[in-house]
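As written, the chain order gives the labels A, B, C and D, with residue 1 at the start of each chain.
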Amino acid sequence: GCSEEASGGGGGGGAEAGACAPEDVTLVGQVRNESNPYEAAWLDGGDAFAEQVGLTQDRLTYDGDSTRQQEQISQLLAGDTECLVMNILPNGDSDTPPIVEGAEEAGAYLVTQWNKPADLNVADYDQWLSHITYNGVESGKQIGDALAEAIGGSGGIVALQGILDTGAAKDRFAGLEESLAANPDVELLDDQTANFSRAEALEVTKTLLTKHGDDLKGIWAANDDMALGALEALEQAGRTDVAVVGIDAVPDALTAIEDGTMTATVSSDGPWQGGIGLAIGFCVATGELAAEDITDEDRAWFAEQFLITSDNVADFSSPQTDEADFECDNVFSRSQGAIS
Amino acid sequence: MTAQTQVNALEVNALEVRGLVKHYPGVKALDGVDLVVRQHEVLGLAGENGAGKSTLLKALVGLVRPDAGEIWVRGEKVRLRSVVEAADHGIGMVFQEQSLVPNLTAAENIVLGSEGPGVRRGIYRWDTMRKLAQAQLDKIGSHIDPLARTDTLTFAERQMVEIAKVLRIEERTSHPPVIILDEPTSVLESKEIETLFTQVRRLREFASVVFVSHRLDEVLDVCDRVSVLRGGQSVGEVPTAGAAPAELHRMMIGSTGSDDHYHGNLAERSDEPARPRLVVRGLSGATFRDVDLDVHAGEIVGIVGVHGSGREDVCRALFGAEPTLAGEVTLDGDKLDLSGTRAACAAGIGYVPAERKIEGMVGPMSVADNMTLTKQKSRCSGPLVVPQKQATLVDKWIERLSIRTPHRGTAIQRLSGGNQQKVVLARWLVAGDIRLLLLDHPTRGLDIGARSEVYSLMRELANSGVAAVLLADSLEEAIGMSDRIIVMSDGRATREVACPAGGKPTPLDLVKEMV
Amino acid sequence: MSLGDAGPPIALVVIFAVFSLLSDDFRTLGNVQNIMDAAAVLAVVTCGISFVLMMGSIDLSAPGVMGASAIAVSLLVANNRNDNAYGLLGVLVALLLGSALGCLSGLALVSLKVPSFMTTLGVSAVGLGLATLMFAGVQPNIRDDMLDSWAVQRFLGLAYLTWIAVACVLVGWLIQRYSRLGRYAFAIGGAEEVLALSGVKVAPYKVAVFTLAGTFYGLAGVMVTSQLSAGLVQAGKGYDFAAITAAVVGGTLLTGGRGGILHSAVGVLLVTVLTNGLVQVGVSPYWQGGVQGLIVVAAVAAAVLPQRRRNQVTK
Amino acid sequence: MTTPVLATPAADQAPVSGGPTVGQRLTSFMPVIALVALLAALTFADPDFLTQRSLTAAVRTSAPLAVLAAGATLVVLCGGIDLSIAALCSLSTVLFAMWLPDLGGLTTLVVIGAAGLIGMVQGIGHVVLRIPSFIMTLGGMSIFAAVALVISDAGPIRIVDRDATKWLTLYVGGIVPMSFVVAVIVVAAISLVLKLTPLESFVRATGYSESAARLAGTPVDLVKVAAFTISGACAGLAAVMLVSRNFSGSPTMADNLLLPAVAAIVVGGTAITGGHGSLWRSLAGALVVTLLRVGLPIVGVSSAWEQILYGAIIVAAVALTLDRSKVLIIK
């Protein structure tokens, strides 16, 4: 056959950085679905930023389906990509490289969050402006320590893992293992996956409660949804002596911490994440920020996160986006340093 | 009903059909049919396969929407759009294909669609329902348990359930009903047929009956009058008193046919082969035990027996379609592999199953594809199908067996039952390499013409050296066609009766052996 | 009940016995209660789907219907999103929403003549869409004491929800055995064309069966909401295939006309015992799904083998 | 009065055409008509959608789905169903990624072969143990998922050497994606083999009436096993396509393609009960489903409405494409 190099994919080369008028910029935010509060809040944050600059955000969701995400991206990149800014939540680590390559080829501005293969270097690409994530090992360890403290430094706990093949689930569990090493009297009785799902966590926890009975003093969950499912299981079993920790700081978890039924969670600021990715892209697209000026530390970085316990929960109860966070000279202000 | 019609009630025809027309793609199934059913008579309906009998009758119960023509019920012109409407007018039918729900009880089937007091506000009252059904079964003297699941009943028992079911129309309408029986006897045995006829005669007291059968002697026996259809047209009617089957037959096909459709046996075979082609020794299966059977090349061996004698299963076992427990079978001296139908086909065995609709044919596929399904090599060159080769071959057989089909590409389910059967038979003949043919009721539902054609075909095959095992439709057929008859009862081959051209046994001789 | 029907109950007993031998924790009374509680939602979904399978149709709409009813009920009873507090009435409305969606599957099947595989897949998507619309980005949490108590309060050691499931199985069995709807559903699976020949209009019964199934799914959505104290769009995730598996493992044929509610109930217990047992004996979470699949296949094979005939049709 | 066509012997029958009538021809084009209608609707909603680049992307996107659906169509034609295709495809992406360093250019063939073999095992299980295909492949689905999870250590495996899959990312004539060309070739090749050999009769007879087919001596079991084998092999090929697109293998990569693939088959108008249908129909169905998956969000339909529309449109599409004269009872 008379095959030749790719052409259908995109305009090639990409727009000259900074050439776009602000009103020509297309803002796209893509998350898994709008049916969970965290991601819905993310998209709302994107909307808030878009409004701030007089634009609207195209909201895309792919229902946690990797193939569908790729399909949407490649369709998106087959359209007009000259001033396209994408703030993407890749479904898993392995979904990031094709998105990055697609954007690079089509010349769209890309910011990714959460998932990225460790050996994929953002600085190797021109259009992939930044990758933002939270330090999963750190958060796993923080709540692990909080849990250890809540059960008085010794006793049995169980872990509810997230979707097993995601980096977030692995990092967070690695953090738990670090915490366990530091708290030798805490014993991990069991680890099961509940796939980040509240309903699955409920079932698994019920089973674990009957299996371990009174030996069980604490439940470490890799996200708040599972923690909330575990709380329901405890309520149904009539157990009030089990401490529960999670990650994400979804509103229900904060309420539970206020009520004292849950011990701790770690913040991840959805609305800010939804806005910041678009902001970085927008700033570069309009020339207010030159891509070359972004330091290597700011190409892939950990965002600031906080351990939330009953002591400080009041400060986090209603997350709002702050316009100042999205100013072009402020976009990297929450960095806790480069991803090592 | 007004007083006026009351007076005329007796003179008015129970049912009258005028100029009924029904087209199907490529076929004019009904072409201006007229039919009169009087009150309190049993009207026979005769005609070749595909003459339009079933279509006409289905139009009478609202299942076929005619293109033109009128239907009058008791002097009133009606339009029948559904079975329910027909039933409201007092018309009910026993269908040619069995139409019971297999996983329901007999009782439910009997009252299905007109449960009456058996269901109140959507709730079943099992006891009432059982009584209702029992009442119907009592009418025909059947001893079936009304609460037995239908699929646990035998074929004949199911037929009785169907008749019990249609008799419910008596309870449903205040008018004298018209009850249509489309080939009710083709799967019944003589005793059951007698019961049925007693019922039909009883029905005549208060109802009209339309009766279809390809067994003309039956028709003449039970009917008062016979109406004959040919090619979708009415060709006349005859009172049965004094009529002979031959006369009817002539009307059906438009020329005089031979009454002797069994063609007699082959005259003395000169060189009887030393060894039988098929040798079965001690064959046992779930429903039969220790069956021995020899069939020579060129011989037709009939197996007779009542339901449950296991003869069908023996046939299926020989074809590898039923597991065996013990026994040895050789074909032309080679041990036969009974593990599956593929092996049987490869060894040159053919099988024509009784349940044509389910097991014999692939309904939506064309006549041509059905005919060449087994002997693919007859239409192939190497691994490739050669459409021209197939067309020529299939057209040859369509003509040879006078299969009535608009085209070789027509779906076989659009053909009449008899023609379907011919296609199924032809399937084994197209390659010309068959050694043993197992025929399970090969003429079930066929008209006389088609029967004779099938008979002569069987004969021709035998003469060319094919061995055949025949499970006949009737004892007469078994006797007429077979060279030898094996009697089976309770899963064992109990007796062998010679059946040479000159010295045929009588049916009575065989019946004695069967029970 | 014929001998062929004995397979699944025997498999249930055998699997239960094996897990009891392997794990001390498994054979405790608490765990048996736990298994019963865990089976509740699946049992209700399977009740619904059994009627559809009996007809020889299939139903993939459970995720959508459950999601819609879960969100609907959580917005209708006392909750954190609005001032509604309709209590039982709210539950009823959620059930009706389930019925309506089920009815939609049935109507599309009989009027557009589209196979149920597709209509129910479509309705599932529609249900999820409706649920997402109602969800509107903020998690609805219920504050209704009655609904909350269903998951927590116990009677004779079992949660109220479990008793609701038991009641559903009973009602389902009565419908199947004593109502025209149930018997006709069974008959449609046996020989649909014959019903038409007998003058029965099957279309309304088909619609009614899908409506009934939708109602069961609606109830299941409410039950999940009660368990989680929150309305989740994903409340029914995975229940479609889980319920079909349970029904089939229990001896219901996908071709219709065989099986029923009691079969399905056994199937549900079998599947739940398996899920629970694999956790209890400590099978790695990576392997659990695979081992479960293997055992389901083996169980069906064991149940099918004794009945196998030559020339039997297996689809 | 006219002579009734069938009353006379076959010899002097009026010639009746056995070929398809206009109506029948139209129904066989329905999947394409549905496709065009959908494209028109999307273009109406967003005129920018109808560009060559956009269509190229959609066609490229559809390739793995089309291949998956084409393979499973064979199983559906035989009257069964294969629910394991997506999980097997995921497993195959993992196998591909794991074997690539050792096998290099051969990996593609080896993976397709292995997937075919796995499909064959399922087929054998189905015919020998008489387990309904629904259950057999549902079990297969969870087993493959577990194996994929375990051998990949529950994570994606990146592909460093992209040369082995580069050919799939090329464009024929600069426009037509190679992966789609491959999909078309697969569909054409299988269809041709079916059409030119007795296999088509075998497959249809098996699907329409398994018992009649068996009693006619048709190799029902072999045909079924072959269908499962090809279905598996197609899952392997789809996996290679996904890997070429994603530069990695992952144990859950294709899991969500199961229902879209079955939807593609049904939307194409193939009867889920078996016998009637074709691979070409599934190809058109895959394009329809792909357009729905990517088109609706791209033209700006919100997430909730997208699902509602998706549900409504696939039902409508099947209402359009299914040839009801071939499928008497709709279950």
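The definition used in the following text is that contacts are C-beta pairs under 8 Å (C-beta built on N, C-alpha and C of every residue); 3 or more make two chains touch, one makes a residue touch a chain.
According to UniProt, the chain labels map to these proteins: B = Sugar ABC transporter ATP-binding protein; C, D = ABC transporter permease.
The structure displayed is predicted, hence computed values, not measured ones.
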## Note on the structure
Larger contact count among A-C and A-D belongs to A-D
### Query
Can you give the whole-Å distance between the Cα centres of subunit A and subunit C?
34
### Query
Between subunit A and subunit D, what's the gap in Å when you average each chain's C-alpha atoms?
35
### Summary
Between the Cα centroids of subunit A and subunit B the separation in whole angstrom comes to 72
### Query
How far is the middle of subunit B from the middle of subunit D, if each middle is the mean of its Cα atoms, in Å?
42
### Task
Could you tell me which residues belong to subunit A and also touch two or more other chains?
33-34, 164
### Task
Could you check subunit C for residues that touch two or more other chains and list them?
128, 132, 193, 286, 311
#### Entry: Overlap residues in subunit D, where contacts from two or more other chains coincide
149, 154, 211, 214-215, 303-304
### Query
When you check every pair of chains, which ones turn out to touch?
A-C, A-D, B-C, B-D, C-D
### Message
For the complex, give me every residue of subunit D touching subunit B.
### Response
1-11, 13, 16-19, 21, 195-198, 201, 204-205, 208-209, 211-219, 275-276, 326
### Query
Can you name the residues of subunit C that touch subunit B in the complex?
177-181, 183, 186-187, 189-191, 193-200, 257-258, 309-311
#### Entry: subunit A to subunit C touching residues, read off their complex
33-37, 40-41, 43-44, 161, 164, 190-193, 197-199, 202-204, 206-213, 228-229, 232, 235-236, 238, 250-252, 255
## Note on the structure
Residue positions on subunit C within touch of subunit D in the complex are 55-58, 60, 64, 108-109, 112-119, 121-126, 128-130, 132-133, 192-193, 241, 244-245, 248-249, 253-254, 256, 286-294, 296-297, 300-301, 304-305, 308, 311-315
### Query
Quick one: in the complex, what on subunit D touches subunit C?
79-80, 125-127, 129-136, 138-147, 149-150, 154, 210-211, 214-215, 259, 262-263, 266-267, 271-274, 303-312, 314-316, 318-319, 322, 324, 328-331
